[in-house]
Structures are given as structure tokens and as C-alpha cells.
Amino acid sequence: MSLHITDLRVYYRTLAGDVKALDGVTFEIADGEIMGLAGESGCGKTTLGNSLVLLDGRMKHVGGTVMLDGIPLPIADFDAMRHFRYRDISIIPQYAMSALNPIRKIGKMVGELLESRGVRYGEIRPELERRLELVGLGLDVLQRYPIELSGGMKQRMVMVVSTLLDPSLLIADEITSALDVSSQKAVAQALQSFRDQKFVRSMIVVTHDVSILYQIADTLAVMYAGKLAEKAPTDVMMQRAKHPYTRMLIASLPEVGVRYAEHKLTGIAGTPPSLLNPPTGCRFRDRCPLAIEQCAEEPPFVEVEPGHSVACWRVDEVAAPKDSAA
Amino acid sequence: MRGYFGRKLLIYALTFVAAATIDWLIPRFMPGNPVQALLSRSHVTPEALPALQAYYNSLFGLDQPIFQQYLNFWSSLLHGDLGRSVYLSGSPVTQVIMGALPYTVALLIPAILLSWWAGNKFGAIAARRKWLDNAFLPVGYILTATPYMWLGIVIAWVLGTVFEVFPISGGYSYALEPSLTWTFIGSLASHWVMPFASLFLVGFGGWAIGMRNMIIYELDADYSRYLTSLGAPSSLVRRYAYRNALLPQVTGLALQLGVIVAGALVTEIVFAYPGIGKLLLAAVQNQDYFLLQGIFLFVIIGVLIANFLVDIAYVFVDPRTRVGMRGGPA
Amino acid sequence: MTVGAVVASTESVGRRREILYFALRGRKVLISSSILIFFAVIAVAGPLIRPGDPNAFIGPLAAPPDGQYWFGTTTFGQDVFAQFASGLRATFTAGLLGGSIAALIGMAVGFVAGYRGGVIDEILNMVTNIVLVIPTLALLIVVTAYLSARGIFVEALFIGLTSWPWAARAIRAQTFSLATRDFVDLARISGVRSLRVIFSEIAPNMSSYLFLTFILLFGGAILIAASLDFIGLGPTEGTSLGLMMYNAVAWSALPLGMWWWFIPPGIGITAIVGSLYVLNVGLDEIFNPRLRES
């Protein structure tokens, strides 16, 4: 599978104007790659994930293209997208806990969903049961109502349902946010095994929690204020991140075993700009300790080494290792 | 599920006891004395007054201690004795009410069921088609805001007086005697149409608007979005939304029962339809307290039974109640 | 003051402006408010246009509307328009009073049940359910039938005493969800007494919801009052829209085709209650942006 996104722009219609939630994003995902998509709330990562599957009433596709396996994905065309949904591109939504119909037995709902997509429930049932066991759910869960399941169980159920038809690309949207740490690990590992067992070919894991991505993602992409700041393989990102925002993000992560006296935890002062009327030039300018005059002009997202792209004018100067806090 | 019904029955039993007690209490706490009120209307000579007073006091048991009166009240209630109607010169209240009951029930049951079912279906369709929704919405709001008796008056006037399609008063033609003939049945039917239509329309407006709102809400729910994200056809999503939206509509039915019954009562008055409503008006105008209280108790019992039936229906509609989980109205 | 608080307060100013913007432009709100104001004006201006007792016998018998008697006269020669204007006042009064009393009781029960929970909640729930099931009109009939002299206030009082349960339930549900929010917990830990928490933290955050509930109670009270009046159990003095309909039906206005006697009162009630419902929907859209169809 291959995904090529070129200058994708998706805006939200509001009565005060268009919120430029996703304002020109370009990247690629290779076959079998798990890409983590990180950033603060409102940076556009959820918009990106959702726009690939379902544009809701308020969103509009303003520009840019999405090519999935060489075919242009008609994301603005609701009916045309139906063909791709679930089979080629699927999603584990942010609201997975409430994604199951409360007054339908889970098995019945899955069956009706599958039949409506032209899949015989009886034929796929053995595979469904196999995957349920894989994520640690008993087969009796199909006879239950969602209200009888815990949050973690519902999460796993939705994971199984969303990947049942072996989609090429899976979007996992904030699937660990509502869980405790041990459940988070279990879910992250389950995701990885889905990819390893080829239930899913590639994934975009959207989250604001970078530490999860560190465990399972092959590459990391960091977004800020509707644009991509940096994209690189995970280990490269953690060791040699070049964008000031990324470096501050990683520096703000607590390290296991490190005490407060040894290493201060720093946050990033300030707040992201309004996306209704975003500032010209680099959007991180106001909070960036390295900002210079040239930053009034928007830096391009360029590849500085194989697989590693950054949007910053001062990328050549930022060569120091990870633990020197900017 | 046993717990669910157990709680419901407990509430209904308590409600009945509370209502009956209020019913019994009120004449004794209101300004004035029911016996005095009775006597003031009948023309008695001042000499006969004390004797009649004593007679009525003993008849109503007012000469006994309060607690004893309360017990007497319950014992006669449980024997089906609701006292005697003053207005109808001494006929037993129970008998009088039973005579009028079939007419009211014949109006209520079809009106409730049909308006609920048709309103729900229509509301669901309106939620889907914008043009229908825009056309219907104002009509729906007007219908549900219309007081029951006024719609009855308007229908009676338009169809009865102006166009003379249907007769505007009575349960059957005054020229006929009740008999099992087609003529009589036809007369019954033609007198039934307008009051029924009146009740049906007001209810229909309310249910349609309610359902329309509920469906819009359900279509926006997370499970609907999830299905759509996985490419499910809108027919499946709509089917789920409809089933989910039915739940509050069923609970809503239980809540509306009192209102609908009240609506039937006033509608009957408009059409001089020989049901409980007409009886009620007569009781008020003649200050026949026994009849009033009897009607009140009958209405309470009827509403409680109907509530219970709706609760049973709810168990069928919300499968979570069968699993013993906490679904269902409080 | 923290950054968060500054941002929050600027956001709330923006939100208030946003609400005002929509309130003045929302079609539903504008149309329904206009209708309500229109009838209110008639109610207030009525006695100025037609001074004197509305029940006085001053005109020709059973006359259809003309230049002098805009709504014609009744069988007894009473001015229907004068009765209508006076009746509007009675209707508004009964609705406002009854609705307010029901709102107060509903808030008292709903807040306490929702905030305190536990045994108090169970007890209040039971009481609410019992009053809920009893058919209001039946109860009111029995109660008012025993009162020899009835005034508007008594009628409104009893209406208020019987129509609060659904409001109590709704308020309770809202209070539940608010009571678990952080700022309430904060107040609670700081030792603020329950009553103050309810008044200063919870109620202000539900103010729009409370207002919408009141609007519906207002409308409901008008309908109940009209039904009571129609059975002849309304106020013994004065006139009301329901009473006009009662008289019209009682004096054979229907078969005689005296439409000017029974059509206006019904239109009045329908228009007022309908406007209240639409106002409710319109304001709901404003307070909850998600409902707006942009």
C-alpha cells in the first residue's frame, strides 16, 4: 500500500469564517509503515485523520490531493468514498467507547454492518472469533450489549470491528487517551500485532501522547497549527529532532528514573495561534526561542536527510544532541 | 427485570393510595361542608333541616371519627362502591360511570395508538426529507400548541356546521334506540369520527415533532457516525436511529397519558359525546361530589393501568431492561 | 490571574456577544417574540380601547364582526373583543404565575435531588414519580370543584403545584452532570455550604436551560388553565379565553355558526403557546450551537 498526500487543505466552515484546521500538509507513507501523528490540541491531526475517511458537514476540502495505492481518493465526494471506506481505509475513532449501538447486541450489529457491505457474516465469523481471542475478548462478547462491557473491552471490540476487512490504511484516532497506562500498553501492542499479522498494511496513529508513539511507531510526524513541523523515523526524531517545536515537545517528556533535581521538566510557554486568521510566516514564530526575522516568511517543508523532513529556516544550525534544552 | 416491574408496581400502588387519600381528604378540608352544600341546593324547610343534616351526616359517615371514616372509605372502595350520584337521583356512581366508559375508551384507545404510531412514522420521514420537514414543522408546532377543545370546536364547526358532513353532538342519532343494527352502528361511527379526529390530530402533531427531533439527534450520535465511517448505507443508519429514537417516545407516551385523557374529556364536552367528559361537566355543574370523586378515581386507575402497559411495552423496545441492566425510565 | 482564566473570560465575553448576535437574527426567536409581544400589547391596551366591564351587555345580540365591534357580540350582546383582551390578560397571568410556581418547585426538588443524591434523591424521586403519574387535570378538577370562590391566583397556585414533576426531573439530570464538574468539586472542598454551591456554581451554569424550562412551563400552564376554565372551574370573577369557549359551546354558538365567538380565543391560546414552543426551540439553537443548521 502507498499513501501520498500533497498539500492537503481542509477547512471548517464557521459563521465567523473558515477555520484553517489543515493548511497544506504533504507526506508519504510506505507499505507496512506505522506513522505516528502528534501535536497539541487543535493542531489539525484529528482533522487530517478524519478527512481521509469522512468529511462531516462542517468540513470542506479546499485543496490538495490524496493518492491511495496510486488511486486518487475522492475525499470530498461522500458517496464515492463509500467504496473505499472499511475495505481500503478504515478508522478507529476517538469516540470508540460510544461507537457501538447501545440497544443492539454487539454480534448482531457487526453482522448487520457486514451484510450491508456485502460480506456474508457466516463466512467471516471464524476470522472474527480468531481476532477476538487475539485481543483478549471472549467469544461471548458478541452476545452482550455495549453497556455490559468495560471501556477497555469496548475499545478492543471497536479495534477488531474496524480492522475486520483488512484495510490497507488504518487511522487510529486518540485510542489510548481514555485508558489507564497498562491498558494503553496493551492497546498499543495490539495495534502493532495487527500490522505484523497483516490485518492492516499501514497505519496513522493520531495522538497527543508522544510516549506511546515512541513504542510502536516507525515514523513520527509532528504537526503545529495546521501544518507539518517535522517528520522523521522515530529513533531519529527522538535523538536528532531539528524543529524547535519538536525538540521542546520531546524535552517536556518525563524520563523514567530521572529526578526533578537532575533534570527540570520544561513546558512550552504560550498558546497556539488562532486558526481563523493564522499569522503569516512560520506559525510557531511567537513561541519559538530561535525565531529570527526570516521567520516572517513561511519556511518550506524540506527533506534534510533521507526520510527526515523539517519546516524551519534554521534547521542547519540546530545540530545539538537531545538533552540540551533549547 | 423483576426488580424493574417491582419498583413500578410499588410506585403505582403508592400513587393510587395517595390519590385516593387526597380524593377523600379534599372535601373535608375545603371551606364549607359537603352536606351543607348538598342541603343548600335542595329546598327544605328550616324545621326539616336538622333531621336531614343528621341523615346525610350518617349517610356520608361524617358523624364518625375521622380514622373510621377513612377505613370506611377504603372498604367501600374495595367493594366497588363509589357512593351514589346526587345529580342522577341516587343511581350508584359506579354504574353511571361504567355506562359512559365505553364511549370514552372507544375514543381514547384508537386515538392514542394511531396518533403515536402515525406521528412517529411521519416524524421519521420528515427528519429525512428537508422539503417535507420545512413544510410540516410549523403545522406540527401549531397542532401541538392547539388546546384539545379548540381543535374539536373548529372541526365541529367546519365539518359539522358549515359543511354538514358529520353530526356535531351526541354519541348516536337522537332519533335512534341502541340496537344491533347497521343503522345504529353507522350512526355510532359517524358521531365518533370528529371527536376522534380532533384527538388524533393534536396527538399526531406532538409525536411527529418529537420523533423528528429525536431522529435528528440520533443521526448525530457517535454510533451513527461510526457506521457511516465504515461505509454503512444510510438505510442501516436510519434504521438504527429510528429504533433508538423510539425509546424516549415510549417513555414520553407514559408521561403524556394524563394530558391525553384530559384532552379526551374536554373534547367530549365539545361534542356532547356521552362519555366520561360529559358526565364530568354535569357533575361540576350540579356539584355532585360523589360523581366527581368517582370519576377522579376511575381516571386515576385508568391512567395507572395504561402506565403499566406502557412499561411492559418499554421492556420490549429496550433490550437492556431484559438483561437486568439499568435502562428505562427512572 | 492565570492565563487560562484570562482566556476563559475573553472567551465568555465573545460567547455572550455571539449569543446576542444570533438572538437578534434568529428567525424563530424574532417571529415568536413578535407574536408574544403583539398579544401582550392587546392584553394591556385592551381596557384602554374598550373600557368598562367586558361582561357587560352593551351591544346587539349575536352580531357578527363589524366596524364597531371588531369581534362581534355574544348571544347576550357582550363585546367579544373586550372579552378577548381581558381574557388574554387572565391567560398571561395564569400562565406566568402557574409557570413560575411550577418552576420554583421544580428547581427546588431538582437541584436538591441532583446535587445531594443518595437517600434524599430516592425519596424525592418517588415523590416526583407519584405526582407525575397523577393526571393533572383530574386532580385540579376535584380540588377546585370544592372551592366556592376561585381567583386567578388560586388557579395558578394549584396548576403550579401539579405541573412541576417533569421540570424537576430535567433539572435533576442537568444538576447531576454539573455536580461532577471540577469547579463544583472545588467549591465543595472549600467548605461552601450546599445551598450556596447550588446558587452560585450550579444554577448560573444552567441559566439558559432553566429559562427554556420556564418557557415550556409557562406554555403548559396556559393550556391547563384553558382546560380548567373550559370545564367551568376557572376563576369565578372576570373572564378568560377558556371561559369564552365554554360559554360559546354552552350557548350553542356551534350550531348557530357564531364563529367570531369561539375562533378568536382559540387562536389566541394557540398562537401564544405555539410561539412559546418555537421560542424555546429557537433559543435552544442559540444556546447550543450544535443545533444550528448553518
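In order of appearance the chains are A, B and C, and numbering begins at 1 in each one.
Criterion: a residue touches a chain if its C-beta (ideal position, glycine included) is under 8 Å from a C-beta of that chain, and two chains touch if they have at least 3 such contacts.
On a predicted model such as this, the values are computed, not experimentally measured, just so you know.
Novice: Compute per-chain Cα centres, compare each with the mean of all protein Cα atoms, and return the closest chain.
Specialist: C
Novice: Could you quickly compare A-B and B-C and let me know which has more C-beta contacts?
Specialist: So, comparing the two chain pairs, more contacts are at B-C.
Novice: By mean C-alpha coordinates, which chain is most distant from chain C?
Specialist: The most distant chain relative to chain C turns out to be A.
Novice: Can you work out the whole-Å distance between the CA centroids of chain A and chain C?
Specialist: Whole-Å distance between the two chain centres: 50.
Novice: With chain centres defined as C-alpha means, what is the inter-centre distance between chain A and chain B in Å?
Specialist: Once rounded, the distance between the two centres reads 56 Å.
Novice: Rounded to a whole Å, what is the gap between the Cα centroids of chain B and chain C?
Specialist: That pair's centroid distance is 22 Å.
Novice: Could you list which residues of chain C touch at least two other chains?
Specialist: Correct list: empty.
Novice: Can you list the chain B residues in contact with two or more other chains?
Specialist: Within chain B, no residue contacts more than one other chain.
Novice: Which residues of chain C touch chain B in their complex?
Specialist: Residues of chain C touching chain B: 125-126, 129-130, 132-139, 141-143, 145-148, 166, 169, 219, 223, 226-227, 230-233, 242, 245, 248-249, 254-255, 257, 259, 262-263, 265-266, 269-270, 273-274, 276-278, 290.
Novice: With touch defined as at the start, can you tell me which chain A residues reach chain B in the complex?
Specialist: Per the touch definition, chain A meets chain B at residues 53-54, 56, 81-87, 90-91, 93, 95, 98-105, 112-113, 116-117, 145, 147-148, 158, 161-162.
Novice: Quick one: which bits of chain B touch chain C in the complex? Just the residue numbers, please.
Specialist: Contact set of chain B toward chain C: 11-12, 14-15, 18-19, 22-23, 26-27, 30-32, 34, 141-142, 144-150, 153-154, 156-157, 160-162, 168, 220, 255, 257-259, 261-263, 265-266, 269-270, 280-281, 283-285, 287, 289, 292-293, 295-296, 299-300, 303-304, 307, 330.
Novice: Within their complex, state which residues of chain B touch chain A.
Specialist: Chain B reaches chain A through residues 221-223, 225-233, 235-236, 240, 243-244, 247, 318-320, 323, 325, 327.
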